[in-house]
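Down below are the structures I want you to see.
What follows is a pair of complexes built around subunit A, which joins subunit B in one and subunit C in the other.
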Partner chain A sequence: MSTLLPIALITYKEGIRNKAFFGVSLVALLLLCAGALISIMVPQEMGKAAVDMALSVISFSGLLVVFFVGINLMAKDLDRRTIYMVLSRPISRSQYIIGKFIGMLFLIVMTMLFVSLLAIILLFLLKMGYPDRFERFSWSLVLLAAFLSTLGLVLLSSLSILFASFTSASFVTSALTVVVYIIGQSLGDMKTLVETPQSFPVGISPFIVKLVQTVYYIFPNLSLFDIKMQAAHNLSPSFSYIVWTALYGLFYTCVAITLAALIFKKKEVP
Partner chain B sequence: MQRSPVVAFLIVLSLLHVIALGRATEERRLLPKADGSAYVIPGSLIKITALEFDGLASDIMFLRALLFMGSTYERKETPRVKSWEWKWFYDTLTASTDIDPYFLDPYLLGNAYLTWGGGMVNEANTLLEKGSRYRDWDWTLPLYIGFNHFYFLRQNEKASMYLMHASRRPGASPILASLAAKLAYKERKTENAVIFMQEILTRTEDEDLKKYFEMRLEYLNGVLLLEKGVSRYKAKFHKVPSNLNQLVKERILMALPADPYGGTYYVDSKGIVKSTSELQLMPQ
Partner chain C sequence: MNAIEAINISKEFKRGIGYKKVRALEDLNLEIHKGEVFGFLGPNGAGKSTTIKILMDLIHPNGGSASILGKDIRSVEARRSVGYLPESPYFYDYLSAEELLWFGGRAAGLTKRAIAERSEMLIDKVSLREARTRHIRTFSKGMLQRAGLALALIHDPDVVILDEPMSGLDPIGRKMVGDLLVELKSQGKTVFFSSHILTDVERFCDRVGILVAGRLRMVDSLNNLLSDGAALEDVFLREVKAAGGGIEV
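Presenting the complex of A and B:
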């Protein structure tokens, strides 16, 4: 633990010092203001639109941090060869990977807390201004949605570390992470869609159905962490759903980090 | 470099920018648009491509439909909305509610315009039925379906069924159950329509829709007043009045109400009160 913490702290500080972090915060603020203006245009269920916008901005900012700040933190070490400096010290490669992951975890949690705070202030102001148009609104569900979103992002960042462990260019890591994010978000809907062919305008071959069903267990199902719609309509998910989703996130993240450590151990650092 | 010429140059550039943007926007409005080709991607596909931002996609689809309807008020041609545009409007609202079936606004927007303007009562009811299925705590949606069955489709039995349905939901107005019972017995069309419309008005928040419904209520109140006058005239003279001025002449009414839509109320040979504005108001 004593060796993990310094790596985690350095990773976190590097992320915070990175100018991109402030860029992400600024983008989040602008998007939140634009979202507030758009939600005012919805005549009846303004609260629903405002929560949609706020939670989308929170997730989007987290994604920007994972894609543009987080990935660089590990890939930069490899790109710029600064990794030699770290590995020459009495630190094992697995400790390096776990330390990096914990640092990224801090960074994601801090960003999500900061952007969530901005979103909460904005929602509070909107709710004060238009109390009649926030009929079905629940603070606890908004916070729960932001929490699950954070878990999804932590899972995604663990995958980015896995990709960085076997690729040597940061670009490849970014591209793979983006692709996995897109697949992970649409996989759940895709599976439902191919399994209920009547809802799909074009016929689907049985091979595609089997393929999607197989892929479903390999790629992460990130849509499980998305309860924005339920939060917007105050439709509480069951307690067991939250527990199972959180456990799924935890298991998947652990598997990804363990694999990353194993692969990185065998990797020839150029 | 001197500062003032640069500032002056920037001011001139900004002015040119404003002019160019204004002209380009104006010209873009005149660009030929493909009629009947406005295809709407099905909601199930949008849901996949929108990734985790599907709630946002649903809001945007709804706002597109809302802004489109608003923009048609600038048009001078008749009909104001073409038939393929009505279809696009309906498809967009369907997609919006396929992505987020709990979203109330698309159902209300669809109901307000598809019925009164578009003559697509069945389509409006299909949307409302979906909303009523998902929003099972909301009594307003079955109320609207009931109204559409009663007023447009003239199916009192079905209307009564939906009103009963609405009255059983939490927070429903107590008047609904009695209205449902009344509908099941006899046809007092205008009076019931007035009660319906008053109920709908109490639940409407949007100012534009409120004005829209208030005008409709005023119109129906005018018809109701005249209908009562005509029946009193018939009871007194055992015939239908030749025109509505007879009601004022015989001191049955103090004055004739004005049609808020700019038409004139009249009575036909069967004693039914109508208005010259009615044709353009009623669905085709």
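Presenting the complex of A and C:
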């Protein structure tokens, strides 16, 4: 831990001081204000719209930080050879990977806390101004949705570290992370679609069904971490869903970081 | 026990679309004694940086083994007593020189007090006092080089490996590095540095090794090499010429 903390701290500082981070914070603030204005324009659905938009901004901001700041924290280390200043210390490759991950974790948690706080303030003001429009509203669900969204982003970050461990260009890491994000978001729906024959007018070959099912178990199902709609409609997911989703995220993250550490042990940084 | 020992180190890189093999080092044997200043010379592409990166376990040799103060270079412990300055060092943009040194000290297991004392001393030594709280992204190339030197020395290592320490430095910076080398030598530290600047090598080194096209052509003390009145430049050019061209496979 005494070695992990310095790596995590410099990674976090490098991320939080990045200009892109301030840009994302500003975008989040503007989007939250826009969301509040839009929800006022739909008085019948104001509560649902406000919660949905606030949670969308929270997860979108986190995603921007992962893509524009987080990924670069390790990928650029390799691109620009800043990694030499770390690996020339008595630090093992595994410690480097874990330290980087903890640093990214700090960054994501801080971003999500900050944007969530802004969102909560806006929701609170709206709720104070229009209490009758927020009858079906639950703070705990909003917080739960933000928490699960954070877990999803942490998982995505761990995958970006895994990709950086075997690629040599930050662009490739970014591209792979985007692809996995897109697949991960649509995987649950795709699986449901191919497993429900009546949803297609034409038959789906068993091969396609098997392929989608295989892909489903390889790629992370990021849609599990998205409960914005439930939160907006005040529909609480079951306790077991929350626990299993959290464990799923944790397990997947641990596997990705372990694999990254194993791969990175052999990697050369010429 | 030698400070640095390399036995039959060889290294090949795969380059280009066809993964053409390029041999960077061939059966390199090297012994650097404790307390000496060793100059590692060679033309561009000779394999000097490759050797240093292998010693720092940044890249892995295809064959052979190496140790630093008796510890296998693949072990984390081998790097505890080594300070390394890469060629053209890059650091995190948004850290200050103070934070950089804090990181180096913490990673080496120094106490808070030791970090504070060593940082203060080194920041003065590399003339970064006024810039110590500025973000590194605002540093000039020479300042980066000096910050890198301070980082290499923060944990008071017994072995210092410097890859082109004078590159990018103005005459004042070069004098500063020269003074540091002299001071390290007087403290009994082992210094292994690569350089193109032969006058610097002549000034500071006890022994030199000349590497050409991945092969170590010779290792000898400076006194022996220059005993007949020859200049180091003549010796260097003679060895390079004798070695001929590259050794691509």
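We adopt the following convention: the second predicted complex is superposed on the first by the 266 of 270 C-alpha atoms of A that agree within 3 Å, B and C clash if a C-alpha of one lies under 4 Å from a C-alpha of the other, contacts with A are read in each partner's own complex, and residues count from 1 in each chain.
Simple rule for what comes next: a residue touches a chain if its C-beta (ideal position, glycine included) is under 8 Å from a C-beta of that chain, and two chains touch if they have at least 3 such contacts.
Nothing here was measured: the structure is a model prediction, and the numbers come from that model.
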Combined model on subunit A where subunit B meets subunit C, clash or fit: fit
Touching partner for A:61 - first (subunit B), second (subunit C), both, neither: neither
Which of subunit B and subunit C A:221 touches, first, second, both or neither: neither
Between subunit B and subunit C, more extensive residue contact with subunit A: B
Partner chain(s) touched by A:160 [first = subunit B, second = subunit C, both, neither]: neither
Contacts of A:7 with subunit B and subunit C, given as first, second, both or neither: second
First, second, both or neither for A:90, with subunit B first and subunit C second: second
First (subunit B), second (subunit C), both or neither touched by A:185: first
Nearest Cα pair across subunit B and subunit C, whole Å: 31
Those residues of subunit A which subunit B touches in one complex and subunit C touches in the other: none
Touching residues on subunit A, where the partner in the complex is subunit B: 38-39, 41-45, 48-49, 52-53, 55-56, 59-60, 132-133, 181-182, 185-186, 189-190, 193, 199-201, 222-223, 226, 228-229, 232-233, 235
Interfacial residue positions of subunit C with respect to subunit A in the complex: 13, 50, 53, 56-60, 76-77, 79-80, 82, 84, 86, 89-95, 99-100, 102-104, 106-109, 135, 148, 151-152
Residues of subunit A that touch subunit C when the two form their complex: 2-3, 5-7, 9-10, 13-14, 17-18, 80-82, 84-92, 266, 268-270
Residues of subunit B defined as touching subunit A within the complex: 42, 44, 47-49, 51-56, 58-59, 62-63, 66, 100, 102-105, 108, 205-209
